[in-house]
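Both complexes below contain chain A, partnered by chain B and then by chain C.
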Partner chain A sequence: MLSLRDISVGYGDTLVLRDVSLALQPGQVLGVIGRNGTGKSTLARLIGGELRPATGQITLEGRDIAAMPPWVRARAGIAVMPQTDMVFDALTVAENLALMGRVDLGEAGERFPRITERLTQLAGSMSGGERKILGFVRAMLAPARLVVLDEPSEGVQAENIAHMQALVAAARVRGVAVVLMEQNIAMVEALADVVIGLDSGGIIYHATGDQIDRADMLEAISL
Partner chain B sequence: MTETALLVLLNLTWQIAALALLALGLAIVFGLLRILNMAHGEFVMLGAYAHVLTAQLGLPPLMAVPLCLALVGLAALLVERLVVRHLYDRMFDSLLATWALSILMREAVELVWGRAYRNVALPVEGVTELGLVGYPTYRLLVIAAIAGFFLVLWVWYRRSLTGVRLRAMVSNPALARASGINTARLSAMAFVTGCLCAGMAGLILAPVMAVEPNMGLDALIRSFFALVVGGLGTLEGLAIGVAVVGGLQAGLSAALSQTAGYLGVLILAILFLWRRPDGIYRRR
Partner chain C sequence: MASIVVVSAALAAALLMVPVLGGDFLAWQIGLYLLYGVAAQGVGLAWGRGGFLPLGNAVFFGVAAYAAAMALRATGGALVPNLAAMLVIALILAAIAWVLAAILFHGRSDSGPFFSLTTLALVLIVAQLAGTTPAITGGFNGYSGFPPLAGLDPFGNLYYVIVVLVVVVSAALMALDRLPAGLVLRALVAQESRLQVLGFATNRVKAWAFAGAAFITALAGALYASHQGIVTPQATGFVFSAELVIWAAVGGRLHPLGPLFGAVAIGLLSAELRDTLPWWEVVVALIFLVVVLMAPGGAAELVARGARRLGWRRPITQHSPGPAPPSRAESVAGALQLHDVRLGAGSVQILRGLNVACPQSGILCVIGPNGAGKTTMLKAITGAMRVQSGHIRLGDQDITNAPPHAALGNGIGRKFQIPTVFAGLSVTENLQLAALAGRARGVDFLKPSAFGWQAEPLVRLLAHPGVPLAGLGTLDAGALPQGHRQMLELALTVGAAPRILLLDEPTAGMSPEETVLMVALIRAYQARTGAFVLVIEHDMALVAALQARVLVLHQGCALAEGTLNAVRADPAVAAVYAGGAK
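Up next, the complex of A and B:
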């Protein structure tokens, strides 16, 4: 579904990721771990289309999307939840959700009743954790085939992280592929089919299925 | 209520309505795109000259409306494509570029139609009796139309999906793009709409203004002062700004002189720029 081949990307002349290759299949969850500043958000912005690769190829279902602007990627089925500024502060909760084309929250509404209780509230007046949940729900409600979540659990209570995991697991069953950038190793361990660790501009850790091991991941991100 | 008081009230309402119409385009472009369009007044002027062109072409006066929309819309589209599109997020550069554009537009109009003042006939003649006083029917119609238009615009901006998309673009452009919103097209639409509002203001107010190539400067300055006082970037701020500035100018002009009216507005705007640059109504 999503394929990155020898991708180098960064800001101006400064490359943050160099020669990164990875592939993701429908229904798979790719966990991306790494300390702050190792390129997780850069990878999210690359997939979302806010950054263009300096070199290499990025394809979605075989189609080169390197030059595709973010709004076209969104319509092609890529939903992104950025790490920061993940909601529209000046819009109400209902308007934030309406932009994803959904009024009925379904399971997300049951798991996060605070969202349905606050539909008329401005998103900017919510707490940090609530804004994270709203950003997460927005991404999960999008009619997407690929969802990119950049540190969704940051600042969120354990109970709600469990609900997030349940919604990601449900999306995976529907065939939605998920790229999960996280420092929460437990969440990655619970969900990921494939895990990569980033550092020094490249992939320093790679594991699939049974190879995924919490101790190895912790060691990888503490390097 | 005495005749004088009613007349002052009507004049006050007229001043506020006319200023609201003049400033709307500037408010739209600045509020949505963060571009201070220094050529705003020249789009007002272009709209007013649609009357002159209509007369020259020997067309019925009503044809000035589609002619204005075509002329101003085309000019705005060209300006957006060739100039403004490349200057989003560069406020100072866009200010300089649109200032240069305003000079070009003034010179071009002067080249075609000369410097002479033009008179535009009132499309609706006569006076409507309102109990104690009579008031020009055209002005009453314009006041009603502007009030209705602003109400519709506010509801559309707050309730329609395109309004939500526009507010999303202003609030968080990157997330708007990631949500499937074509912000480039929306920005172009906002700029052209702002310029069309300016053009229509010129068209509607031409019969009560002196139509000449430099008429845009006064429109720009008064619009800018209204936005500074009310708060840049929102319809609510625009409404408050035009009420305060228009009210102050009309009040001082009636009580003292027209010069006192202009001076009062100038002092108020300077005080706001100095002490409260966000204006009365701050964007949430």
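Up next, the complex of A and C:
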């Protein structure tokens, strides 16, 4: 459903990714690992539409979306949870969720009771970890076919990471494709169907299914 | 500094050619626009450098003009006494501006619309007063009938005095950009709350910027009286205040010469169009719109863009390294204690009677479920959130609700949960701020040599194997990836050698390799300085690696404290919290 062909992208004259190609099918989880500064967040911004590719092609279900602005991509079914600024601090928790058109939280509400308890609280007054969880829930509740999660587990306690994993797994069953940028190798190992490791502007590690191995991944991010 | 001399000389030469090539009337006309330009440079200093927009700077211009006119009438225009009077008038207005800004920005970490609206109200009041007190100001007809400065003909040699003012003010503003004081101002605009944690009382930083703005605006206003021979309420009015903002915006508020250029260019253009076009104001307004939409940094930005395209790069000044003075933060002693601290945000109670007794030295890891109050505890300690009841003590000293900028003076350094660096400033400039924090005082901010200060904690940090910062010098700190930001923020936090180091999730977003490095850096700092280091962390492997005591928070209270194994075995902890590893 998502395809990147020979994509180069960066900021101004500085390219962060060069000639990167990858493809993702519905219901697949793509784990993206790599040291800091290797382009994970840049890839998230590219898919979300914040950045336009310098060269190459990006398609969603065969349609070229390179020039499509972020809000049109959201309508086309791409939900993004950025690494920072993942919630609207000045809105309440309920308003943050209402922007996704959802009031009923379903399983997410059961797994994160703190969210349902705090519906009337301003998102900005929640703790860093709670904001991450709210940002994650927002992205997962969006009517999306492709969800991009940029480091959702950062600052989140282990118990809640397990809940996040369960919700991603459930989304996968519904046919939602997920791109997961993570430093948390255990989370990637638990969820990903395909893993790519980024370094020096390109893909230095690629594994699918049973080939995905924790030791290999750790090696790939510590070069 | 050589470039300042060259630019100032070029500016002086260009302005001195005006009467030669254009005659006395043009010099008189441009002299007026130059005075407006200096006033607009004041707006540029406050808005472009300080990040707060004054909508009432005509007050300083107009009041100085009235006061100078009255002095001229009282003294019959005698040159030296009146020049001295102008200086005194400008200093008094600068002092008033300092106090006004210090009060308005007190206890805040933003520059929001409240300041602009207050100055707007001020200009409306002063203009109203000027227009309705004919006995003092001449009312709407204006104040006139005073002699010009003796020996300085408004259509002759007064122009050269104006040129001196323009060149001196421009050179001073260009110099400011190259001094530590200028760096502090840029850091203020980039990230005010971080600057406060580095020990800077930002309301006073802004007060100095506003006082500087008022001073140069008032000097221009004082000369305006002699130049025009009449002062009307318009000189203190809102329309003139707005024009100052427009000139600064069109010329470029971020460049010292931008507002000057904006005032002269628009002044000349308006004078030209006024005689030829009935709708000339619309044309000027359209030019304003086009410039600010195409280049938010004004004409100065367009020039800078063009220069970059031609391959020009601002040369990087190398500062020779020198010893840094001692830091205020390293000599503080005493253990940190929280007694029954309660704190809430809106209807939610976050800390509910928190009691913590920290040791004088060592490492304490604080863990707890999301929302337990860990970050809020650090905010309470550093004054970022107000404690509602209870006490926070440092040894014998009560530091409850001390302002955020006082924390560093109390020996407390805090790293934020979201790595917060000064975006828009280079990595080198961030590190220079780290070296200034807690060490620079008074005139140090005017010494370029302070840029070369070698603060011991920073030297050690940068020399540590694996720390990536040394090679990143000219990069914009805002463009750094998360892990590098964490490292840079650690540098900002330890620069002043605090005796108490509060680190909020220092390894969030870091790779396992970087995490190992961060643990090594934290342990090395603690071992070398004997400091007390508090680390908030979710990663139990990291907590184990730090080999520290562990404090568990739950629902705003301390739930358990002890070794990692002891708290893990605690049934109360197991009931609310399940730790894990990356």
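We take it that the second predicted complex is superposed on the first by the 223 of 223 C-alpha atoms of A that agree within 3 Å, B and C clash if a C-alpha of one lies under 4 Å from a C-alpha of the other, contacts with A are read in each partner's own complex, and residues count from 1 in each chain.
As a convention for this text, a contact is a pair of C-beta atoms (placed from the backbone, for glycine too) under 8 Å apart; a residue touches a chain by one contact, two chains touch by 3 or more.
Keep in mind it's a predicted model, so treat the numbers as computed, not measured.
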| request: In the superposition on chain A, see if there is space for chain B and chain C together, and answer fit or clash. | output: clash
| message | Tell me the contact category for A:71 with respect to chain B and chain C: first, second, both or neither. | response | first
| Touching partner for A:184 - first (chain B), second (chain C), both, neither | second
| Residue contacts on chain A - larger count, chain B or chain C | C
| query | Between chain B (first) and chain C (second), which, if any, makes contact with A:99: first, second, both or neither? | reply | first
| Does chain B (first) or chain C (second) touch A:159, or do both, or does neither? | second
| request: Answer with first, second, both or neither: which of chain B and chain C does A:129 touch in the superposed model? | output: second
| Looking at the overlay, what does A:175 touch: chain B (first), chain C (second), both, or neither? | neither
| task | Scan A:113 for contacts with chain B and chain C and give back first, second, both or neither. | result | neither
| task | With the two complexes superposed on chain A, say which partner A:35 touches: chain B (first), chain C (second), both, or neither. | result | second
| Who does A:90 touch here: chain B (first), chain C (second), both, or neither? | first
| query | chain A residues touched by both chain B and chain C? | reply | 122
| request: Would you pull the chain A residues touching chain C in the complex into a rising list? | output: 11, 34-38, 41, 83-84, 114, 118, 120-122, 125-130, 132-133, 151, 154-161, 183-186, 218, 221-222
| note | Listed in rising order, the residues of chain C that touch chain A in the complex are 345-348, 369-376, 417-418, 479-484, 504-505, 508-514, 538, 540, 577-582
| chain A residues touching chain B - in the complex, by the definition given at the top | 48-50, 69-71, 74-75, 79-80, 82, 85-91, 95, 98-100, 122, 124, 138, 142
| query | Hey, which residues of chain B end up touching chain A in the complex? | reply | 161, 164-165, 167-168, 170-172, 174-183, 283-284
